[in-house]
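Chain naming follows the written order as A, B and C, and within any one chain the residues start at number 1.
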Amino acid sequence: MITDTDQNIEKKEMVINMGPQHPSTHGVLRLELVLNGEVITNVKPFIGYLHRCFEKYAEEVKDYSKVIPYTDRMDYVSAMNQEHGYVLGMERMLEIEVPERVEYIRVIVAELQRIASHLLGIGAFGLDLGAFTPFLYCFTEREKILDIFEKTSGARLLYNYMAVGGLMRDVHKDFKTETADFVKTFRPKIKELNDLLSYNQIFIDRTAKIGVLPEKVALNYAASGPVLRGSGVKWDLRKDDPYSIYDRFDFDIPVGSGEVGTLGDCWDRYIVRVREMEQSLRIIEQALDGMPDEGDVMEAIPKRIRPNEGELYVRTETPRGELGYYIVSDKSANPFRVKARAPSFVHLSMLPAISNGALIADMVAIVGSIDIVLGEVDR
Amino acid sequence: MKSTEEILEILVQQFGEEHFTLGGGDIGEQWITISSALLADAAKFLRDDERTQLDFLMCLSGVHYPKEEELGVTYHTHSTVLRHKLTFKVRVPESKPNIPSLESVWKTADWHEREAYDMFGMTFDNHPNHTRILCPEDWEGHPLRKDYVQQDFYQGITTRE
Amino acid sequence: MNTIVNITSLPSILLHAAIPLTIILVYALVAIWGERKIAGFIQDRLGPMRVGGFHGWAQSIADLLKLIQKEDIIPTDASRFLFKFAPFMMFAASYAAFAVIPFSSSYIGSNINIGVFYLLAVTSILTLSIIMAGWASNNKWSLLGGMRSAAQMVSYEVPTIATVLTVIVVSGSLNLMTVTEMQSGNDILGFIPNWFIFQNPFLIVAFIIFFISILAESHRVPFDLPESESELVAGYQTEYSGMRWAMFMLAEYADMLLLSLLGAVLFFGGWNSPFGEFLSGPFWSFFWFMLKGLLLVFVMMWIRWTLPRYRVDQLMHICWSILIPLSFINLVLVALWELIF
């Protein structure tokens, strides 16, 4: 607090709460902004409004496989990817060999889910910047993916589809053709999205050179996924620490290049997501070709899950970045400890580091560009 | 690429044998247990030494060991340059749960440590903002401890159904 | 043409006051429904479909009824008088400005000879009422919205006035009826109407600047910063609900129409038919005038549902370092053109 002695006028910085109810905090996030005019001098994120004790549940649920529905509810816009990480970890613990068909289906649904999640992220980012229409265009496409998921798993958002060692049920019989159709119709839409939003001059003005995250800082903060790649680091767990059958597919890792502004700005993080959707389409195409038509998806599911004593850390690439599960077993029927390392949690923690000196409008862009899901932050 | 044993050897060379023990379960990954007194130095060394270069702290998890009456923290690190991973642990007694903060080594530890404190109640020395993160500031107890008993009322509102 | 009715007695004053009010109210109902349909069309969806049967035509009436029934909430710490007063003042400002708009060849509310000047002066009150609403709400988001609006409207009034001035240079009159009458006839190349926009190439530039400025003046995307929904929650409207909020909405739509009609008068010949004497007369002139105004309103809606929003500093940059210098240079060029030809 600075006091102006000449006129006896008290001058204070304005503290303003952005959230927990605010249109563009993507859930129930509260940011305490200290403002000088409209310029942010300090930002403090407050989280925990959506804390649902995932880790405590996992320890008390008395069954390893009953954890899976809870993983869905962490990052509720990419539930398939959350399940994938957990079942992979459990399979590694139990040393289960998973049938080929299961692996292929898992990769296809995981990549479809990645596209769906990125569509939501991109759309919501546009919405944050005042572009309403791209949001609905993205939702139209996302709806098609959800329709495929609905036919396959019976649910549209929280699937509980993957099981340790297999899948809950086989895909529906038109799965292959429907997915192939989607891939075909979706490709031109990416170009449309680029014309409408990505290269819109106002959009570029709003996102270029904003919220710059240098490579060094990103690594020190353990950023991952599109946020890290937006800063120019070529790091994708699907390539660099391959899990499942990702080593069989041919795809590129798009990285930010500072094309319209500075390396690591909001636009770079955004465009990485757009380009990742194209790569996901490539993976889906290859996986559809390679997927065996016959096979029991439930044959490797163990009757009883009781791993030996030990622990492991399994990490997978979700749309938001590195999702890690630290699973400790003490030979009992329920996990001794499950910790989920959520990418959004980590990304949100670096918000103060990249947003000082920004305007309120930039703050919205920065929060949108790191694409957080509060369900995952608070677990 | 270095295995956990090789990294242990480097650590022993640097700091002496008495601070480190190699651990592992029947299944899964191996780890190194580091004594809490040396943790900060060892972590900084692991990050900066060119043989290890563990520049990326993937995960930091608190764990409660009720049998031994100990609290522990598990650190999962990896190196984006050399592409190896290392898991190391620190364990402290429940009665004096002081662990040096690694916030200055890996910035990402900041929130992870706050979460571990919130859930388990260990103290991270030299942490810049040692407050709860997920639970409200006036919540009683640390929920992820095995002996945790949920409070009946929070600010006059029942917490039971 | 001397068809303007002389207003002398009180009943005739009230009658004349009622005409623009009816136009505004009917227009607002149609425009709100229309905006939702246009948005739906642009976004590949249907928009309102249920209320009233045919394409949800009664949607805005239903919304209005809902808003009337809502509880009138005034925040505890709000400055009560100003809080209650601001929405009505805002509507009054844009309604009053309609007095000098020549709706048809035979109707103008008040045929004063400083029409343009009066219009610009009265619409400035809008800024005041927005600041009033923002400050009186005792909400930081509202205050930010109000402050933004003050900066924005004061800044954008400069290019608006400068471009209006260019038309005044050409017409030589501040009376909007006279300005419209000057644009009668189809003399350019024998068939193009004598509208100002076709008379002088620099007036096309002036129109573009004018249109951008009125987008900002009426808070439409990409310049809707005072109420920018994703940043300031709802800006100065955050604490308002029910009828008071509806008044803001109404004023906003009225303002949109007012500025569009001003654009139609200044650049597109006002109530003049594009086909000369064909389809002219009091009723048809009203039709043409509203059509021109509503087309501009449609373009504003179209822009709103296509573009993202500018940031507050970029908004100021566009105004002070692009539009204002350009509009003054343009003013000189128009004057030179008029001098030479």
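Convention: contacts are C-beta pairs under 8 Å (C-beta built on N, C-alpha and C of every residue); 3 or more make two chains touch, one makes a residue touch a chain.
Keep in mind the model is a prediction, meaning the values are calculated, not measured.
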item: Contact graph of the chains (line, ring, star, complete, other); value: line
item: Chain whose Cα centroid lies at the greatest distance from that of subunit A; value: C
item: Subunit A-subunit C separation of Cα centroids, rounded to whole Å; value: 44
item: Length of the line joining the C-alpha centres of subunit B and subunit C, rounded to whole Å; value: 62
item: Centre-to-centre distance between subunit B and subunit A (centres being mean Cα positions), rounded to whole Å; value: 25
item: Set of subunit A residues in contact with two or more other chains; value: none
item: Per-residue multi-chain contacts in subunit B, two or more chains; value: none
item: Subunit B contact footprint on subunit A (complex, rising order); value: 47-48, 51, 53, 55-56, 59, 92-93, 95, 217, 219-222, 233, 235, 240, 307-313, 315, 322, 324, 326, 328-329, 337, 339, 341, 345-346, 348-350, 353, 378-379
item: Subunit A contact footprint on subunit B (complex, rising order); value: 24-29, 31, 55-59, 61-63, 74, 76, 80, 83, 85, 87, 106-108, 110-112, 115, 119, 132-136, 143-144
item: In the complex with subunit A, residue positions of subunit C that touch it; value: 39, 42-45, 140-141, 144, 148, 221-222, 224, 228-233, 305-314
item: Touching residues (chain side subunit A, partner subunit C) in the complex; value: 14, 16, 22-24, 38, 126-133, 136-137, 140, 196-197, 200, 202-203, 205-206, 359-362, 364
